[in-house]
Every structure is written in C-alpha cells, then in structure tokens.
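Below, subunit A partners subunit B and then partners subunit C, in two separate complexes.
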Partner chain A sequence: MLRKIFDLHYKMLEKYPSLRPFKPLIDAGDNFFYGTPHTTKEKPYIREGVDIKRFMIMVLFAVLPAAIASVYFYGQRAILVILASYIIGGLTEVIFCIVRKEEITEGFLITGILYPLILPPTIPLWMLSVGIIFGVIFGKEVFGGTGKNPFNAALVARCFLYISFPLYMTGGAFVEPYPNSIAIENNKPVFQGLGGFTSHRGLFSHEIKNGKFDAMCEATPLAKMKELRLKVAEQGSTPEDYQKYMNYVKTSLPNLFWGYRSGSMGETCAVLLILGGIMLIAMKVANWRTILSTILGGAVCSFFFYDANCLSDKLYLMAFTLLSGGFLFGAIFMTTDPVTGPITQTGRYFYGFAIGCIALLIRRFSGYAEGIMFSILLMNIFAALIDEIVIMVRYRGVKK
Partner chain B sequence: MSICFRKGVRGGYLFKNIQGTPKANFEEMKIPKYVVIPFTQGFGEQTKPLVNVGDKVKAGQMIGKGDKGISSPIHATVNGKVREIREIEYRGKKTLAAIVDSDSSTEVVTLDGAKKDLSKFSQESMSRLLYLSGVTSLGATGLPTLEASSSLSMDKVKFLVVSALETQPFAIPTGLVYQSKVSEICQALQALQKFYKDIPVYVGVSQKDKKFAQSLRDSLSQSKNIEIHVLSHKYPQDFPEILTETLTGVCVPDGEKPDSVGSVVLDIADLMAVYHALSEGMPLVSRWISLGGSGYKENKLVRVRIGTPASEILAQFGKPGVETRFLLGDPLTGDVAQDLALTPVGREIKSTSCIEEDAKRHFLFFMRPGLRADSYSRIFASSYLPLEKKLDTNLHGEHRPCIQCSYCEDICPRPLLPNMLHRYCSHGMAEEAKGLRLMGCIECGLCSYVCPSKISIMRDIQKGKEELKKEL
Partner chain C sequence: MSEINPFIIFIAAIFTNNILLSNFLGMCSFIAISKTLKASFGLGCAVTFVMGITITANWLVFHLVLKPLGLEYLYFLIFIMIIAALVQFVEMVVERYSPTLYLALGIFLPLITVNCAILGACLFAVVRNYTFMQSIAYGIGSGIGWSLAIISMAAIRQRLRFSHVPKALEGIGITMIITGIMALAFSGFAGVVSMQ
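After this line comes the complex of A and B, so read on.
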C-alpha cells in the first residue's frame, strides 16, 4: 500500500522532470518507512544493525517523558508548541535540502523536540517560528547540515530569541505549572488529577501578560534564589536573611526533583530527565563521559562558589544548583549532542567539566540567572581546540 | 612509546550468539572434480611452476618452487592431470594458478625422512622437511628455516607465539576442535622450541577454552619456557600483532608485521601441519576449514583438499535457493569471491563464510525491536535477550556524515582515532593522518562494522596507506 504510493511518486518524477527538485523529499519518506536496499560493497562485508535513524529515535524516546511532563505541567499548549517547532523547522530544513539537492537527514528529529522544551511555556508561536528558522539556518545549514554544524541548532535558536526578545524569555514569561499552588499549600498531593492534560489555556494567544493566560507569573527558582542570595551578600544582612535563603533552598528541593516549579517547558521534571539520561547511557547513545563530567563540573564549582555556614548547607546548595534551571536538561540532552562536542573521548571529560564550570560561573557572577545555554555554546566553539590539544598530547612522539 | 595491554586487546568486540557459528561436527569432503592451485599461497612470493599443461601429477608432488625471493614449495593436492595454467584472482591479488583435473583417488605421496619421534631430528633435517612439505609458508610471516622461507632469519627469532584462539564472529572454540590432539600439539611445540634454540614460547588460549588450557598445561608441565595464557575472547585478539603484544609485552611498530620484533606467530592448525609433516612426511595437501554463516545448510568443519574451488564447496554444503555471498576467510576480513569456480581454498585459509545476500527493504526497520540484529550499542532488544543474531550483507542504514559518536574509537584495538583518520584520508590528506599513526591500523574492520553512519572507514584508511606507500 505505502509501497505503491512511493512507487507512484517515483514514476511521476520520471514523467515530469520539473518535479525533480522534490526528489529528496520522496527519498526521505521512502527511506524512513523502508530500510535500505543497499548492500555492502567493501570490506568488511557485514555491518551492524544500528543506523542514524535508530540512534536519533532513541534520543527522541528518552526525551519523550519530559515532553509529556511538559504537557502535564503547562497544558495542551505545549503540544501545539512542539508541533509548531517540528512543522516550521522541518519545512526550513526541507527547503534547504531541496535547494541544495541533498538528502534530508534525521538530525532535525532531535532539534525539533529539544528546542521547544527549552523555551518558556508562554512563548508566542510566531516567535518560536522565527527562532527555529534562525536556528536551523544559522546553526546548521550554513555549515553544511547535520554532522558538520559546530553549534547546537536548538541552542542557537534559543540564544537568538533570548537576546532579541529578552522580555519574552525571562522573568514574567515563566508561569506557575499545574496543578496550582493552592493544592500544595493545603497539603494535597503535588500530583493531582490530570494536571494540564485537560487544560487548553492560551492555546493560540501570547497575550499572557494581560491576564488571558490565567496562571500566575512566577519567577524561576534560580531567579528567586539569586535574589535571596544577593540580599544575604549585601551589607547589613541579618541572620534571618540567611535563614530565609537556606529555607527556600531546602524546601524547594522536592519540588525541583518532581518538577513542580516554573521554568522552561521540558526542563523542570528532574526525575524524568534523569531516567532519560540513564536510558541513553545504558543504550550507549549518549556518552556517559560528557554527562558525568558536566555534572561533576557543576557540583565542584557550586561547592566553591556558593558560601554557606556549614557543610550540610553547602550540600543543599549543591543539590539545588544541579536540579534547578536547565542544568540537567543541558547536561543530558545538549552536551551529549555528539556532533557539536569534541571527537576524542578524552576531550569529552574536559568539555563536560568546562561546561559545568562555566554555567556555574555565569549563574553566580553575572547578571543572568541561568548560564547553561551560554556555556554550552561557548564550549561548542572550543570543542575543536580541545581535540587539537588532546591529539597533540596523545600523538606527541609520532614522526610526521 | 605506546602502551601494550598484557591483559588483552584494547577495545575490541565480543561476538556473541551469532547465527551460523559452526558446531563441532567434522566431515571429510569428497575429492573434488578439479582443484585450482595458486602458485602464491601463504606467506611468500609467487613460485615458479615446475609442471606443464597436460602433465600427470600426484597428490603431494611438488609443482611449484621459488627460485628467488622468499617462498615455500607448492604441491599438487589431487592425483590427475594439469588442465590449464592461467592467471586468477586470489585474495584480491592476481596470481598464476594450475588447474588440475582429478581422478578422485585418495593416495598422497609423502616425503622421506619423517620420524615418529620428533625429538630425534637434527636442525638440518627438520628444516628440510618443513620446507619441502610447504608448512613454512603458514603463520603470519612464514616459519623461519635455513631456507628462504620467511622474512625472518633463523637467528633473529626471539619468540614463538601460538594462537589457540579464534575470535571472529563465526569462530568455533579452538579447544573444542583440538581437545583430543593435545599430545600432538605439545610434541610439535617442543620440537619447534628446540629447533629455534630454546626460545620462549607463548600460547594464548581463549577464556572459553579453560579446559583446553588446563590440558595443555598438564602435558607441558615438564617443558621450560612455555607459557600458557588465558586471554579474553574479544575480536581481534587473535591478530598476530595484537597477540604478540599481549603475550610478549613487546610493541610491534606501526605498519610492521610481528617479524619486526622477532616473533613467529602460528596457530594450532599450523602446529598440527608441522606435526604431520615431521612425523609422517605429509605435505600440505588438505586442511580443516570451518563453514560459517547462514548461507550453509549446516555449519561444521570440513576437511578439504587445498585448492578446492568455492563452487564445489557451495554445491555440496550451500543452502539451495538462497542468494548468498561467499567469503574467503571470516566475515570481517574475508575477501569476496568474484568467480566461484576459480576461487580456491588456499593453504592459509582457516574459515569460509557464506552470508545471505539481503537487498530486501525492511518496513520500518529502524523502529523494530531488533531481535536478531547485532550491535555494539545496546539499542536493540537483542542485547538483552539470548537470541541468535544474524549477519547479512545489508547495509542496515543510509550513508550519513560522521556524527562523532566515537564508537569507532572505543572499539579500535589500536590507540587510533578512526574517525579522524577517515576524515583526513577521504580528503586525500594522508600525510596529516600519518601523524595520527595511520600505519598503526591493522585492518581488522571493526570500525566500519560498528559505524552507525555506515562509513567505510577501513576502505578510506587503506586508500590513505596506499597513498603513503606510493609517495615513498
């Protein structure tokens, strides 16, 4: 049945040469549904079963729980946002491939879902589209498509929005997730009913600030913590201030873990992210070296950067920094994008560690509340340099 | 400079549960109608034919002998008449070959001077017998004797390394095959050790064959300087370079064979040939080969006359009605046979593989659980279930640019970066790649096997190597 449709298309291609440019599209569909007819031509004459499609689909499966959680926490709008990202970004990619007469590759399957998950839930659809078009073009296509891009396309897109439309990307753009805080205050369970699955608030509107979006704006835990910490650091701060600061850190830990907090759509539910990460590592799709070293880098730096009165407070702070913001999402799904990282396994330790450190540096010492995005983009630039150094050291004795 | 891993191969890959792995069933193959005997077999250069078209030959009669360069004699392997002497393609190279029609009698002419007691040989008589029987062309770089049979001269031999393990996907545990031959193996070992003036001998046995290792140890307990090590069963642990490094701890320089460090590498089948040559004067006329892969009716070991063409083997053992691809050797390093009727099983061939040709398009292949797919990653359900995995010629995916997953780096048995080498070599920058130890690649084929982007990394590396050699 499906086979017939594709064959029909191929026949049409032969009949009408003017349709030629659309061949990549049909090829891609054909290859998607049917495996390859190619057989091995060179030694070794056997090849193992994994291909890039499978590889990428596994990342998709790993991030899917987080995507579903985003619907739970932020309503059906999340579905719409993800769909929009796929459609607009996919179209951009397809157009590029048709113009350049190249095969359409699978890379966008991942970018298309990672990108909406790192945006605030209130992101207007037009802005999302602008972002993804920019990201695909300048993050990937200008460099030659998947496999050759030095930057993570999803992060480029987000960074572009972050700088162009800061109002929509910070502070007020973050809203409180379902189920709302009243349930929590009344000591009802955090997970209650269907949450956002049944809500379609603000489906197409971006007028959230004018009250159409009926959730309350809520600062992200990181922003709140930063504010409290600054108060502690100020001159003339009282022990009460410190107490308040630590209290906030301590009480918000379970919420951070289960995902009940404001933040970007997909990055809030730490437990699902960790599960996804474990799945990727178990399948050898993501490189455990990057993930672990990123987390280690973050942990070490948070230990030294954040002052506290006693060790247990320090450990609380460390857990808070690792669970909050986009740190876990970045560590698990963004740093492990193999294309934009270093080639060498040794390089990956340094790469990850540096990402963790720089993210914490930005969080602690700059005006931004969150730093993981900038730190990953920054290290994307240095990935090649890290490789260069690793290779230089490893092959130092070799005669040219 | 580089570090050698005494415990076993760096990286590597353990092939488990592969469909078509031979069972320990043995069968003697009938004398074929004709044999194709290449004049280049084993280690060495092409020998000069001593027979003409139309001559009658006997099995075991010498029909080729080198006059210059390194080589060992070639023998006729059936009784009959020389039909033709022509050029054929054998293991990717052109060589002269004699085609001999057989009269299906089984007698073999043996050599004089054989002694039942292997310890009674003098060095000269042993050297002569080994050379005349053709055994000296076996092993990675030939067996050094007083004649010009190996790139190594006799006084430069420092170690004898014996591989009692085979790690390719269709490998049958060596111990299973040779358990009953332990005493012969030990005699041959001791004779060779004496022959080379009491050099140290290292035997590497697979971890799957602990019992075999124990029986070897028991019967060699009197001998000095023979070490038996149990090694991991990861492919390519049995490659001569890797085995030498693992067992002796001496590094083989990049791009060199183990003879550069004075190591002679043999496997158990070669030792058995040595034994038969010395004790019975038996020239190399037949050998055991394993039939691996789902293209055979039954996977087992058969004894064939050397030079039996692939077409005869397939006619007798192949699965009828299935399109298959015949490989001379194991599936990772084996060469594909162009013309089955003219592709012989030479004396250095240990195994043949026959894998199914699979150009079918599998509907939604990448979404399937993958119960039968083998993979380095643990993406498929097959990694968690004890099912037999299938190897075929399908590419299992489209060509894509490298995504830097580093599977190739993890799996490479040498400390190389196959993805970088591929990058340089495919752009004609072999000079750059040389700085990354391009010549250190031992062409095991694992990197191409595991690459999810289906890049033929090994082909690019080979091209780069050729480019470098041309420049020299």
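After this line comes the complex of A and C, so read on.
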C-alpha cells in the first residue's frame, strides 16, 4: 500500500519535471519506511560501520524513554514542544535541501528530539522555533548537512538561545515537575497515576508574573546547591549552614535518580537516561569510551572542586554532581555524536575527560549554574585538533 | 588591580578573555592563515613570541621613558614603532631558519606588525595598569590563547574540506560562522577567573 504511494510519486516525478525540486522529500519518506537499495553515501559510514539510518533510529529509540518521561513530568506541553521542534526544524531542513538539491537524511530526527529535551519546559514556542532554525542553518546546513557539521546542532541552537534570552533559559524558566508536591515534601519518589499525561498546564503559553513564569516556578537542584554552597563559603558561616548544604545534597539524590526535580525537559530522569545509554552501548551505536571518560572526568573534578568535611560527604557530592543538571544527558546523547567528536579511540578518552572537567569547572567557578552545554561545544571545537594530534603522535615515523 | 596573581592573568588571557574570541582582535590573519595546521601553528608561535616580547618592551618604554618625561600621549606611535622593529627581527630569524614556514606565512609575517591583537594586548596592559610581571603573563597568555584559537580553527577547516559548503560561504564566510560559534562556546568561561 505505502509502496504503491511512493511508486506513484516517483512516476509523477518522471512525468512532470516541474515537480523535481520535491524529490528529496519523497526520497526521505521512501527511505524512512523502506530500506534503501543504495548503500549509504553520507557520513559517518567509515567511522562507525553502521548504516546512517539504523544508527539514527537506534539513537531515537534510546532517547524515546526520556522523551516520554518529559511528558510524564511536564504535561502535554512537552509533546507540543517536541512536535514544534520537529515541524519547524524539519521544514528548515527540507527547504534547505530542496534549494541545494541534496538528499534529506535522517540526521534531523535526532537533532529534532534532542533539542527540545534540553530546553526548559516553559520555553515559548516562537523562541524554540528561532533556536532550531538558527541551529539547523548555522549549526548544520551551512556545513553541508548531516555528517559534516563540526558542532552539535542542538547545542548550537540551545547556546544561541541561552545567550540571547537568558531570562527564559535560566532560573525562573524551570517549573516543578508533576506528581511531585508530595514527593518533594517527603523527599521520596511517589509514582502517582498518570502524572502529566492528563494535564495541559500552560499548553500554549506560560504567563510571566513578577518576572517569574508562574507560581510553580522552582529552582533547579544545581542552582539551589550553588546557593547553599556559596552560603557555606561566605565568611562567618555556621556549621548549620554546612549541615543544611549537605542535607540538601543527600536528600535530593533519590529525586535526582527518579526524576522528580525541575530541570530541562528530558534530562530529569537519570534512570531512563542510563537505560538509554546502556542500550546505545550494547548496540554499539555509542562509543563507551566517550561516555565513561566523560563521567570519570566529572567525578574526578567534583572530588577536587567541591570541599567537604569528610570522605562520605564528598562521595555524596560526587553522586549529586553526576546525576544533576544535564550531565548524564550530555554524556550519553551529546558527547557520543560520531560526527562532532574525535574519530580516534585515544582521542575519545581525552575528549570525554575534558568535557567532564570543563563542565565541572564552569559549574563551580563561573556565574552559570550548568556547564555541560558549553563544555561539549568547547570540546567540539577541539575535537578535530585532538584527532590531528593523536594521528601525528601515532604515525610519527610512518609519514617520513 | 595589582593584586591579581600573574598566573591567574595568564590563564584568564588564554580562556576567559581570549583576545580573539572575546575581544575579536587579530581576525585578519586568523581568517587568512587558518587553512592548514602547519602554517597556523607557525603563525601562532610567531604571534606568541612577538606578543611576549613587545609587551615587555612596551611596558618598559611606557613606564621608564614615556611616563617620567610626561609623553604618555605618544604611546600609540611608540608602541607601533617598537612592534614593527621586533617583527622585522622575527621575520629575519624565520627566513634564516625555516624557509618553508617563511613561504607559507608569506605576507602575513610582516603583517603581524599591524596585527591588532598585538597592539591591543600592549594597550590593554597599559590601560589596566598591569605590573611588569602581570604584563608578561598577559602577553604570553594572549599569544597562546590566540594560537589555540587559530590552531583549532585550522583543524576544523582541514576537516571541512570534505564538506559541501554553499558556494557563497566558501572560505571566509564559513570561517566567520565557525568563529561565531567558537565565541559562543567560549562565553561559557565568562566569570571563571577575572583579570581586571
């Protein structure tokens, strides 16, 4: 049935040459539902040995649980945000491909879902659209499309929004997740009913009152932790301050793990992210070296950057660091992008480790609460250089 | 101002206040030379070297000659002259010891004279009232920061050779876009260490 529809389209294409510009669209639809008779022509074919389509679909499956969780925690608005990202970003990509007469590849399926998942749930739809258009055009298409972009398009888009509209991307933009008022009071995750699936809170807009989004606005755990830590670091802080700080860190761990906390849409539920990561590694889609070294880098740096009175407190802080913010999401879905990362195995260790370190450095010492976005983008810059150095060192004798 | 540890200034000059990516100085040679890794590495070394030396010389001249004589208003002129003389010196050294690098750098070696990053660094050091050690740290740090930017740009551009960049954006256009995204990423370091 579907096959017939596509065949019909192809026939029409041959009949009416004026329809030629839309060939990429039909090709994309055809390829999505049916295997393609051609072997892949796009990168990253050498780098991973997996056909680009399979590759992308696997990532999509791995990130799907997190996407569903975002609906559970933030209501039907999450669906709307993801849809808007797909539609606007997809249109941008399609227009670009038609104008440039290129093939539409499955790359956008991933960018289109990763991008909304790293945004706060209250993001206005027009802002989301501006971001994804910027990301797709300047992060990807100007470099020639999927497989050729030196920077992660979703991160370029988010970074652009972060710098341009900080009010909508920090602090007040984060709302508390759904089934939570009980959970957060008791500090215990309680699964209650359908959560956000049945709610359409702020479906089309979130009103801004007194500079904040609405009554349910809630600081992210990272921001809270930073505030408490600064209080401890102040002169004349009492042991109670320290107690409060550690208490907060300890009690929020289960919430961080199960996802009952405010944050960007997809990054809240650590359990599902880890499952997705395991799946990616098991399918050999993601490289375990990058993920492992990113987490290692974060853990080592948190050990050195955050002061604590005893070792067990330090370990709690370390767990908090790794579970909070977008660290896991970034480590699993962003650093493993085969196009923007290094292609040498040794390079991947350095790349991941540096991402973990820089993320923690930014979190701890700069004005921003979260640093994983900047650190991945920064290391995207140096990925090519890392490769060059690794190759240079490895084949020092060979060239001459 | 004078309390900041020179080492902190050194780190800040490389990362948080990268002279290229946060002040956008030295763009012309950055864009023109960043085609191949080798040439950009050479130019990066040359700029670091010239920057470290000129900032020292300029600091000495400003504080030991111009200031006692009350001729501070001449500092633009004097600085440029000192930079020009030193670049001439570097050029002769490079030509003598590495003719390939000399050919690769071409016109851009003498153009270091008018590289705004170098004059900019010298002027920043004076405007911010850096001490002698701070100035040296700032000069070398800025040079290394500039080199870091141009080398990583060269690596990206080497990889881009296989990309299908729109015709209108080839060369300078795509380089500007990459520079913009690099600057976006580097803005993440804002406030990590301060240098003023």
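By our rule, the second predicted complex is superposed on the first by the 369 of 400 C-alpha atoms of A that agree within 3 Å, B and C clash if a C-alpha of one lies under 4 Å from a C-alpha of the other, contacts with A are read in each partner's own complex, and residues count from 1 in each chain.
We adopt the following convention: contacts are C-beta pairs under 8 Å (C-beta built on N, C-alpha and C of every residue); 3 or more make two chains touch, one makes a residue touch a chain.
Please read these numbers as outputs of a predicted model, since none were measured by experiment.
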Discussion item. After the superposition on A, what does A:Lys148 contact: first (subunit B), second (subunit C), both or neither?
Written reply: both
Worksheet item: Touching A:Gly341, do we find subunit B (first), subunit C (second), both, or neither?
Response: first
Discussion item. Contacts for A:Ser375 in the overlay, against subunit B (first) and subunit C (second): which applies, first, second, both or neither?
Written reply: second
Worksheet item: Is A:Ile57 in contact with subunit B, with subunit C, with both, or with neither (first, second, both, neither)?
Response: first
Worksheet item: Between subunit B (first) and subunit C (second), which, if any, makes contact with A:Asp313: first, second, both or neither?
Response: neither
Worksheet item: Looking at subunit A, which partner touches more of its residues: subunit C or subunit B?
Response: B
Discussion item. Quick check for you: in the superposed arrangement, does A:Asp241 touch first (subunit B), second (subunit C), both or neither?
Written reply: neither
Worksheet item: In the superposed arrangement, what residues of subunit A touch both subunit B and subunit C?
Response: 43, 145, 148
Discussion item. Per the contact definition, I'd like the list of subunit B residues that touch subunit A in the complex.
Written reply: 1, 169, 325, 327, 331-336, 355, 357-367, 370, 373-380, 391-398, 400-407, 409-410, 415, 417, 419-420, 431, 434-437, 445, 448-454, 456, 458-459
Worksheet item: Along subunit C, where are the residues that touch subunit A in the complex?
Response: 37, 151-152, 155-156, 158-160, 162-166, 169, 174, 177-178, 180-182, 184-193
Discussion item. Quick check on the complex: what are the subunit A residues that touch subunit C?
Written reply: 43, 100, 102, 138-139, 142-145, 148, 150-151, 156, 159-160, 163, 358, 361-362, 365-368, 371, 373-375, 377-378, 380-382, 384-385, 387-388
Response to the item:
In their shared complex, subunit B is touched by residues of subunit A numbered 2, 31, 33-55, 57-58, 103, 105-106, 145-148, 282-285, 287, 338-339, 341-345, 348, 391, 394-395, 397-398, 400
